[in-house]
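See the structures that follow.
Across the two complexes that follow, chain A remains constant while its partner is chain B and subsequently chain C.
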Partner chain A sequence: MYNRRIITAAAVLALSGTILMAQETIRIASPYKVTVLDPIVSAGGGNIEAYGLLYSRLMRTDKNGNLVPGLAERYEISEDGLTYTFHLRDAKFSDGTPITADDAAFSLNRAAKDENSAYPAGFAPIAEIAVLDERTLQWTLKHPSAPILANLDIFNAGIVSKDDVEERGEDAFVTNPVSSGPYMVKEWKPNDRLSLTANPNFWREGLPRVENAELIEVSDANARATMLMAGEIEVDRTVPWPQIEEINNTDGVSVKLEPSTVLYLVLPNHTRPPFDNLTVRQAATMALDRAAITKAVTLGHAEVANSTFSNALKFYDPSISMPAYDPAAARKLLEDDDLVGTEITMMITPATEQIATLLKAQWDAVGFKTTVERVDAGLWWSKMANADYDVTSSWYFNETDDPDLAIRWALCGTCGSHSYYTRYNNEEVNELTEEALREGDEEKRAGLYRRIQEITVSEIAQIPLYYTPYANGYSDRVKGLSLTPALQWTLEEAELTDG
Partner chain B sequence: MKTFRFIALRLAQAIPVLLGVSLITFVLMAATPGDPIRLLVGDRASPETIAMIRDRYGLDDPILFQYFTYLKNLMVGDIGVSLRYRVPVSQLIAQHYPVTLFLVLYTIVLTLPPVIVLAVWSAKRQNGMADQIIRMMGVLGLAVPVFWLALILTRLFGVKLGWFPVSGFGDTMPGHLLHLFLPALSTMIWVVPILVRTLRSALLIEMNRDYALTGMSKGLGARQVFRTHVFPNSILPTLNLFAVIVAYLLGGSVIVETVYAVPGMGKLMIDSILARDYFVVQGATLVFALTTLLVMLAVDLLSALIDPRVTL
Partner chain C sequence: MKLSPMFVTGVALVVLWCVIALVAPKLATHDPYAIDFAAILQPPGAEHWFGTDNVGRDTYSRVIFGARLALYIGLLGVIAPMLIGMTVGLVAGYFGGWIDVVAMRLVDITVPFPFFVLVLSIVAVLGPGIENYFIALALVGWVGYARLARAEALVLRRAEFVLAARTMGFSSGYILLRHVLPNSLSSIVVYLMTDVTLVILFGAALGFLGMGVSPPAAEWGVMIAEGQTYISSAWWISFFPGLAMVLIGVGFALIGDGLARMLRIER
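The block that comes next holds the complex of A and B.
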């Protein structure tokens, strides 16, 4: 078996020469597409993963999950928590020009205030960014923000070259973007692959260890698994739960379950019947055996959710609980309010087909009449944005372990995305969100976030299902590579061994 | 001269066809709900950002206005810019089209020899053992779903035996041949039986025609009758079917391209439809239509070459 592989490898080598290159390349196949290289214009999964390889940020998260200085060597925060001064280290872009405070201010201003910025929420408190000298940068905030330092390591806070972007505009991110991160673009074939090569000017000495990286777009999970097992890629981003065993049983490859802030949930539309009615939401929750759903879908790889917060977020409250599984009581609730036979249209995408089947069976068992409406991702988003649906199922992740942005996305009714487009809008929650952002005392913050969880669970803002890890397949040759909860690859510290 | 006029005429006829195709695609895409900008900027973007970008890309203009703008650009050879990638559509097509073209040509090259050998063999020994086996294998080839077969082939030849790569396109000519072997093989397995069946039955009909008998009675050998008379006369229906299949292979490339992770036109097309990347869908459809027209034209010319009775 092994010999035959060597012979074939030699034959392939002689024919194509592509294998030679592979020795120093980590190839990552992912279903998530890289569509733009400008860090501020997209919050799409595949893009987020690429941004971290191309752009360094003022702060970074080390491999133990601690926030440490990145391009900013050190920083000072004024006593009132409103002024932040950053001192940049001596670092260069991939084109050899120095990374200055001007570049940093320009990049952060784009993320915070540019009209193209897809995700300015984390930087909303910034009033002004001033450049004190070549290497010193100062922010003033409108009000204190507890997580803002950590937000500097969010995907869209990557530092880009001001001169280059001003000169080339949109094109600066299409051909040969100037990079401040561990890698730079060797070749970008849109809709196929992004080939990267080490940035010789990367500020972290001696890194990255692996010369080249390729992000290859492969939508089919079977194709990715086969490629991993055949040694044509080193990393399979996203292994479906039923495939984990097969990969683990194959020599030389294995699946790592990596912690994430991902929360799978059921999203009810609060603006129209039937889910504008709390009784319906309660019955719909009690009808669900969420433990069984979790086990069936993830084959035991996920944890049943108990809160509207992901269990990986700070201030997550493990003691809180959703109404327990009790189909008889759910039926009774419906009967008492004469709601038996309530029709539900559940909108789903192909990705949630399995969950939808289970939801429908359990809802129908207590007296709902569920119809399934299948849409693709494009239509799904349009319908969500227009609140044109009854109920759907989806998931989300949070960029940091601080709950602020997660709440602004999923539970706050006045924060832009209308509680993940469910239109759940509780004034107390909205106020608590702002209060908790400004609160400097950790213990008090914990109290405020506990209160948010209590309210949103008791009102069943959403029905949380389960917390999943990321399941990624790795070749045993790859050492030190993982995907962080913030969807960033630790590629700069990874190594490729011969074994 | 006559041939040139024919070609010129056919190419002129292609223009209204392409216009029709582009109009239908445009209307269908515009009628498909779903917002490309939302897919572009990701989950977390605010409605304001989305509205602003929609406006900038001209997606809020009336559909007819958008179509005429598109046509106007088309006239000067500009097929637009991808909404997703901000690169010219022509660049995307130039990147993906050769891959699919290579795959289709490769499939054809692999397909033709077995088709001719098997059909002739089968027809010459009608209802014999070989004929029965060939026909049975043919039914099997047709019955096996391509995606399933592809999966089995990749696991067997790619993972277990390690003989062939299971994905991609390769960087060199031998690399292309190696990388696309399994995809071409999986396609060939259902194409060969179709063509063998048609060719076999055409051969059987022609073999029993009077002219074949006349040839024999004149003292021509069976081989010569077959080679110079029966075979050329039988090949025409198969050739026409072949043209249809080639057109189908172009459009149907998406299945093998998905299973083998081949970065070709099928993948580009599907991804662009899912992302509502209007101009890429439009451009890809036009390229598919144009290729189909050219294949049909080539087959008509070839038919006239083979059979003098076919007039252009």
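The block that comes next holds the complex of A and C.
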């Protein structure tokens, strides 16, 4: 008995020298590419997920979703809410140099003001950032901003080394970037994988627990699922709804549905017929059995959307709801205004083929005439930016649970992205957006956001479809790893168990 | 001439598919485009023989209607390449000289590129759609016919009956049409049968890649693509169009093989 066990053990050892090494590694396979490691220049999903592993931020969201001090040990806010003073903790970059207030100011200024910054909106209220001493940073705001502290944990607020970036320029983010986060780059092969190893100088002591991590690019969902079930990876980022059951039926792996702020929606173009007409938007909404569409697409894994707000955002109001499914009433609306036969051109990408088929069927059933225009993702964005479309469907997520940035992206007509390129532009909503940002009182803010939801729902700024969770597949060996609503891995706190 | 069993099976399969395509509306149990929210991802059963897809369409009816598109693509897609290739090959082989050199260099330029890669890039440049697939086929697919026809013409131009016709003063055009073409036709027809299979398969491949017939058309390649993410939970969406493609492909291939065998025996 004893001998047999030794022989088995020896055989396993002999066979799997490399596998034993690999056990120290958490491998995450994702369809989302890591294309750039500079935290300010991209808002692409794959990049966002990598930034958090390489760069720590002044504030941190803990695993319960609470905002806690990060690289800033503590902070003070002046009474008028305009001056913030941050005291940095004693921390070092991966190259051993101290993380100073200079570095923090440099990093935040890049995110807020650099012309290459992909997402400066969260830091727009900042007027000036001053370095008081090596470990003290102070900024002044143009006006109060309720979510500004939480915005410090957005993906592009990671602290980078000023000296290194100034010395090496863009190259600082290509070969061996200096890291302030839990991991640093071991090797980066674009279009293949980003290999990470623990940053020995990471400020949270004893972390990360797992020595190595790999972000592997695998675009095919079937391939990822097979790899997960075969133990070739520990995490499958994004499991398509139809595969969830199979993975859950496999021993040793399971799918976690993780809360997100993702909202799938139909985007009408408000600048041109037919969707510039409220009646058309109302009819198009009532024509849709959104519950059936949700169930058909997500196989019951998502919740039907009722509001132009994600239900995971603060101040979401569940009592507000879109016009209910009523094809007869939709038909009547069209008949009364002599709109039967209105032609709709729906722009879609391959990813939205199924939703488009369902939308077309239901719109045509009440008297629209829908044609489908297929474009690739690149063309989709350029047509969106030029308002050269009738209607399309898409989704977005918000970096924090505060609605400010979500509204600026999707509902505010004067905030840069023209209400997610729908050109919906309601002055009251625009003003409310600014007012709510400056409002310090939570209850009053809730009232303002409630008003925004009321207006945008009654005017049907967009047709929300459903709220989806993130569906990620995990090996049972991985403990404590999750993807936050802000698309950040809690990898530093994760563990790998045997068995 | 004794009919080979391969040939008979092949003809039977192809005829069967032609009949299916012709009477598709009678055979189908459902509207192939009708969306049914209540019957999404139903497994094969009494109501839906081949199950339903991710928007509740009946897979059986879609496969049946898909036969129309497959035959349309396969039979129409080979015409232009065949005509171009045959003409170029016969003329080049019969006359020889600089015509032959130019034609064969053109062939040599086209051949080294993998056929499908070339078709794919042409369609990518012209834009997705079945018409552009036909154009790409005409640009690339003639090469095989040209080589074949040239080889036949090279042999035939020294054949006694051709020499006899020439001494009798018949024009080259007449000889090509009445003597060379009919005698090289058999090998071209054999090749044509394999080419039909290829054109159907590549057409479906383009549909699968989103560069051929576009959804929601009941095209087999499109259907296989639609079922791709469901392959582990709802295999029937992709399986049945795949099976149909195999059966139609095997049909044409058997005809080609059977014909080749019969002709070889005859010679």
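One rule holds in what follows: the second predicted complex is superposed on the first by the 481 of 499 C-alpha atoms of A that agree within 3 Å, B and C clash if a C-alpha of one lies under 4 Å from a C-alpha of the other, contacts with A are read in each partner's own complex, and residues count from 1 in each chain.
Operating definition for what follows: a contact is a pair of C-beta atoms (placed from the backbone, for glycine too) under 8 Å apart; a residue touches a chain by one contact, two chains touch by 3 or more.
Everything quoted here is computed from the prediction, not taken from an experiment.
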First (chain B), second (chain C), both or neither touched by A:417: first
A:33 touches, of chain B and chain C: first, second, both or neither? first
First, second, both or neither for A:382, with chain B first and chain C second: first
Touched partner set for A:222, first chain B, second chain C, both or neither: both
First (chain B), second (chain C), both or neither touched by A:185: neither
Touched partner set for A:245, first chain B, second chain C, both or neither: second
Common interface residues of chain A - those touching chain B in one complex and chain C in the other: 222
Contacting residues of chain B [partner chain A, same complex]: 32-36, 38-47, 49-50, 52-53, 82, 84-87, 91-92, 95-96, 151, 154-155, 158-159, 161-163, 165-168, 170-172, 174-175, 178, 258-261, 263, 267-268, 271-272, 274-276
List of chain C residues in touch with chain A within their complex: 35, 37, 40-41, 54-56, 128, 210, 214-216, 226, 228-234
List of chain A residues in touch with chain B within their complex: 4-5, 8-9, 12, 15-18, 29, 33, 35-36, 41-45, 47, 115-119, 121, 170, 173-174, 189-193, 216-220, 222-224, 226-227, 229-233, 250, 376-379, 381-383, 385, 396, 409, 416-417
Complex interface listing, chain A residues touching chain C: 221-222, 225, 240, 242-243, 245-246, 289, 292-293, 295-297, 299, 350, 353-354, 357-358, 361, 372, 374
